[in-house]
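You will see chain A twice below: alongside chain B first, and alongside chain C after that.
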Partner chain A sequence: MSARADRPTPGWLAAIPAAWLAVFFLVPFAIMLGVSFAHRVPGGFYEPGFELDSYARFLSPFFGRILLTSVALSAGAAAICVALAFPFTVILARMGGRAQTLVLVALLAVLSLSEVIIGFSLSTLLSKTAGVGNFFAWLGLIEESRAYTPSLFALMTGLCYLALPYAVLVLYPPVSRLDPELGEAARIMGATPLRAFWTVTVPMLRAPLFGAAILVFVFTLGVYLLPQVLGQPAHWTLSVHITDQAIFQSNLPFAAAMAVLLLLVSLAMVGITLLLGRAR
Partner chain B sequence: MMKRRAFLAGTGAAALGTLAAPSVLRAQSGPLKVGTYGGYFEESFRTHVYPDFTEATGIEVESIPEPTGEAWLVQLQQAARAGQAPADVSMMAQVARIRGERAGLWAEIDRGAMPNVDNLPEHFVYAYDDGRFYGTGAVSWFITLVTNTEVYPQAPESWTAFWDPANENSLGLLALASNSFLLEITATVHFGGKEILETEEGLLQVMEKLAEVKPNVRLWYRDEGQFQQALETGEIPMGQYYHDVTGLAAADGKPVRSTFPKEGAVLDSGCWVVSRASQAIEASQVFIDYMAQPEVQAKLSRFVGTAPTVPRAMTDLTDEEFAAVSSDIAPIIPEYDLYIDRADWVNQKWSEIVTG
Partner chain C sequence: MSRKLQAAYILVILAALAAPIVVVAGVSLNAEQALLFPPPEMSLRWYGALFSSPDWLVPLRNSLVIAAVSALLAVLVALPLALHVWSRGGLLSRALYTLGVAPFMLPPVISALGFLVFWVTIGMYGQMAATIVSHGVFLVTLPVVTLSLGLGAMDPALVEAARTMGATRGQVMRTVILPLLLPYIVSGYAFAFVLSLNEYIIAYMVAGFTVETLPIKIFNSLRYGYTPIMAVVAVLFVALAVAVFGLIGRFGNLPRLLGAERVEER
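Right, the complex of A and B next:
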């Protein structure tokens, strides 16, 4: 296609995504960072300035607990998603071509559902009046229908439903490229299928597994609607509180400070995970 | 997703930044520009109110849809600094009105030229601390005690139902102090009035009392749709909600009812104010005065579903029409100042004690 085979793509092409990133990520982030140091005017908005009040307000047991809740929820979702997605993907990779395509299309279809639809569907499915409780009662498993939402279980189900396709999509390419002869070799040398899976397959896929976990973790950390719909106030994440401050309290400096801190914490978590992934 | 969140917060700030450049730069002659909340309100006013106003006064109206929340206040403020008024008259939420008052954003208007303002009760007449009159109540609506009629065949009579152990895990309440007005309700019901809200100790006492409802609360909602559906199905059979919307749902055949508790329902409202940059003060006065007429308020009740800002006796609303939008029981008026002067403190304690 190109007349000059040594340079198939022009170098300046990289400038487009770089400029995109600068305009739509770095600039807003810089504004957010600036606002987080601004002076909150009680009964008004904010004035430009440089003060640490918003950060100081965050340093309390109350917000510490909220941050911990957010991180724990996302970490839990990441662990569950990877634990479910990995065996699922291994089985998927062994299916026939047509079956694989069908499953992947179904998974991609899930991605088209918004957080709102997932949240409201689950809250109906887990409700007392129209939910699975009626089915369990009909089966005689429980005496009368009950609600399973709002609860940690409902919230976790929502988070995993939202994020599982991403975990599968991250794992699918490396798993499908995995050479089946390696597992067979282990089996010939006397390993049980389970042992071959744990000692050969899993270590070879450590990087994609950590990758999938990080993706789910970061993805679910930004979720702010599901905790409101499916969770109790104890499960309201930092993202929910950021929304409250920005939209309902007009306290943009505090909202920005919380967003900056959440970003730092998630970067730190990603860093730690990457280090762990490399160490062994 | 980190990007998405950073982007969200970032664009919020950026939006405030770009508002600094007033987008409306045009000559101040021509029709009177009246701003109302975009959507249902703007449409209703454009259809049912402005044509009659023009016919009665000869003043043409240009309808301006406003964003809800406080974005409009920021826009008016920035534009006024540049000597511009994106709207002459604006409908404002109470908290935004007070913020504008503190910033001196509202133009003084001549009460002497507005005889109908005398129809309004004192809490719908607004003036600066030095007595300069600047605005009136525009529309009002009630937040009442709502129930699912299938789960509660008997209508509850009092807000105390929220504290009744029999209603465990069955309430839907608004999630924020500043939109639920549950502090005012608790103070009225359990502490004999809102005076206790004047001090921080009193506020804490009220919050502790309100925290007792926690075992009964199934949902703290921010989005109306979230609760309305659950109320209609009986999933969350009791709570606080808007009287007008509940009435519409009941008229649709949904098993819901709205009750004015004997202690009073919460009366929230919007108001009319004029930007100090407006060149059409006189026409604005005519408009605000026109809106304070009992006939116009009755029309709003019939066509827009809002409660009249004038006493009922002045209007020709039938019992049925009046009951659809209001009640004779004295209302609980929100302590808006609380959500301005002590906003951060109240919000923090609310998160820790009430919803936390």
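Right, the complex of A and C next:
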């Protein structure tokens, strides 16, 4: 028997997923790239061609500001999420197996929730009639209930709500792999727990922390509903405008050009993460 | 940090994550068509309304059909992919694995637009089949990850032993590999199913005006008239997710499935 036939799976098995993903994943991206260079037909869809009009249109102050808004919102969410998620994950990884499972179930349940449901739930929580405003008024902190949405605060809360479970789950494998004896050793040598955390745990996890921040950044770049539900029009991100151009303005070439730019930003970020992972 | 402080930190974060869901659960119990919390009068009428109003029954059915079939597609593609990557290395394997996890590494709005132009080009824009296939491709990452973990955890000596005893490739697959993989197949399917139910942007871009799913219906209601039914759907989605992940956690090793290596046995 040759070594080839010795493997547990036949070679043709790869053809099924390869063909499926090529047709339904790679081809759509190729078409999208083509459409981004196509000529727009107002009122209709587009006609094939090669022009850079859609990309040129993006280089205006208006869309420049949108890109900047998207990047600033996602960067803010990434920083807040990782700052909150890191201590959470470190504590979680030290808990017993059963308690860990319970917390993970809660995190997965929140993570799987639709952006629509998160947007709706938070807008209810921050609303005048059903939200924390009622609670604060009841406590006497404020005179009368008020709404806290739509606002930048509400939007940032939403982004963090969406991305926090994700950040924890991204940090969970590297943190749980960390040898607990190292922190132990530092404490035996006389370091306070906080000092051991800053001088041993944090430096050892610098690469995963940076990687998690980038993944949260890319994850929140794609957020489409929250800016509309919780934010003001000034907070509309690139994703909102991509959908708006594709569905409501019927300008597929421009939507495709914006998506290609977003794709390049995301790929660059993911590339950096992979390089970081390899350097480790 | 002391133990108490640590526990407090975990509980505060979990409470913050639970707060909107608690309020929405309260809102779903309003007797009147109003979003008040705490509800002045309680009633379960909106739970009945979800299952009796055609406005909501059609999206409910759409969502369930799409989730059931697309999760199946995702598993059917992920299984040969993960098996191939596991049994042989090389460029093709690495390329396939990258392709399998790529949908989750990119903002979904990009994939959504890709699917939109694809279905427009081949003339299937607006059909339920388009939503199902798009979800099946997008969610393939989840079973790919769970199956790869399952195959990685499998003892190669078992396959070896079966081969030595004279089992053919097909017999090894049927009697050794697939039974051992079953829990990972089931959890991969469950992950994909729950995520498909909740997915909005792809379903909206591919067939949002003709095949309404529950998230699309909720978003439309956010714009044109609030009703406590929205809260009911949110509560049911949370309950379903907790049930599914709870079952996986009960019968499987969830920390392990999510990549932990040092977990004390229960």
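Here, the second predicted complex is superposed on the first by the 244 of 280 C-alpha atoms of A that agree within 3 Å, B and C clash if a C-alpha of one lies under 4 Å from a C-alpha of the other, contacts with A are read in each partner's own complex, and residues count from 1 in each chain.
FYI, a contact is a pair of C-beta atoms (placed from the backbone, for glycine too) under 8 Å apart; a residue touches a chain by one contact, two chains touch by 3 or more.
All values derive from a computational prediction rather than experimental measurement.
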{"item": "Clash or fit, chain B versus chain C on superposed chain A", "value": "clash"}
{"item": "First (chain B), second (chain C), both or neither touched by A:D244", "value": "first"}
{"item": "Chain B versus chain C as contact partner of A:K128, first or second or both or neither", "value": "first"}
{"item": "Contacts of A:F153 with chain B and chain C, given as first, second, both or neither", "value": "neither"}
{"item": "Touched partner set for A:G222, first chain B, second chain C, both or neither", "value": "both"}
{"item": "Chain B versus chain C as contact partner of A:P42, first or second or both or neither", "value": "first"}
{"item": "Chain A: partner with more touched residues, chain B or chain C", "value": "C"}
{"item": "Chain B versus chain C as contact partner of A:P233, first or second or both or neither", "value": "first"}
{"item": "Which of chain B and chain C A:A255 touches, first, second, both or neither", "value": "both"}
{"item": "Partner chain(s) touched by A:W198 [first = chain B, second = chain C, both, neither]", "value": "neither"}
{"item": "Which superposed partner A:W138 touches (first chain B, second chain C, both, neither)", "value": "neither"}
{"item": "Those residues of chain A which chain B touches in one complex and chain C touches in the other", "value": "24-25, 27-29, 31-32, 35, 45, 120, 127, 129-130, 218-219, 221-222, 229, 239, 242, 246-247, 252, 255-256, 259, 262-263, 266-267"}
{"item": "Residue numbers on chain A that touch chain C, as the complex places them", "value": "5-11, 13-14, 16-18, 20-21, 24-29, 31-32, 35, 45, 84, 87-88, 91-98, 100-110, 112-125, 127, 129-131, 134, 161, 164-165, 169, 172-173, 176-177, 180, 193-194, 197, 215, 218-219, 221-225, 229, 239, 242-243, 246-247, 252, 255-256, 259, 262-263, 266-267, 270"}
{"item": "List of chain B residues in touch with chain A within their complex", "value": "1-7, 9-14, 16-17, 69-70, 74, 98-99, 102-103, 169, 175-176, 178-179, 218-223, 226, 229-230, 233-235, 340-341, 343-344, 347-348, 351-352, 355-356"}
{"item": "Residue numbers on chain C that touch chain A, as the complex places them", "value": "1, 6-7, 9-10, 13-14, 16-21, 23-24, 26-27, 34-37, 77-78, 80-81, 83-84, 86-88, 92-93, 96, 99-100, 102-103, 105-118, 120-121, 133-134, 136-137, 140, 159, 163, 169, 172-173, 177, 191, 194-195, 197-201, 204-205, 208, 215-216, 218-219, 222, 230-231, 233-234, 237-238, 241-242, 245-246, 249, 254-255, 258-266"}
{"item": "Chain B-facing residues of chain A, complex", "value": "24-25, 27-29, 31-32, 34-35, 40, 42-45, 57, 62, 120, 127-130, 147, 150, 218-222, 228-229, 233-234, 236, 239, 241-242, 244, 246-252, 254-256, 259, 262-263, 266-267"}
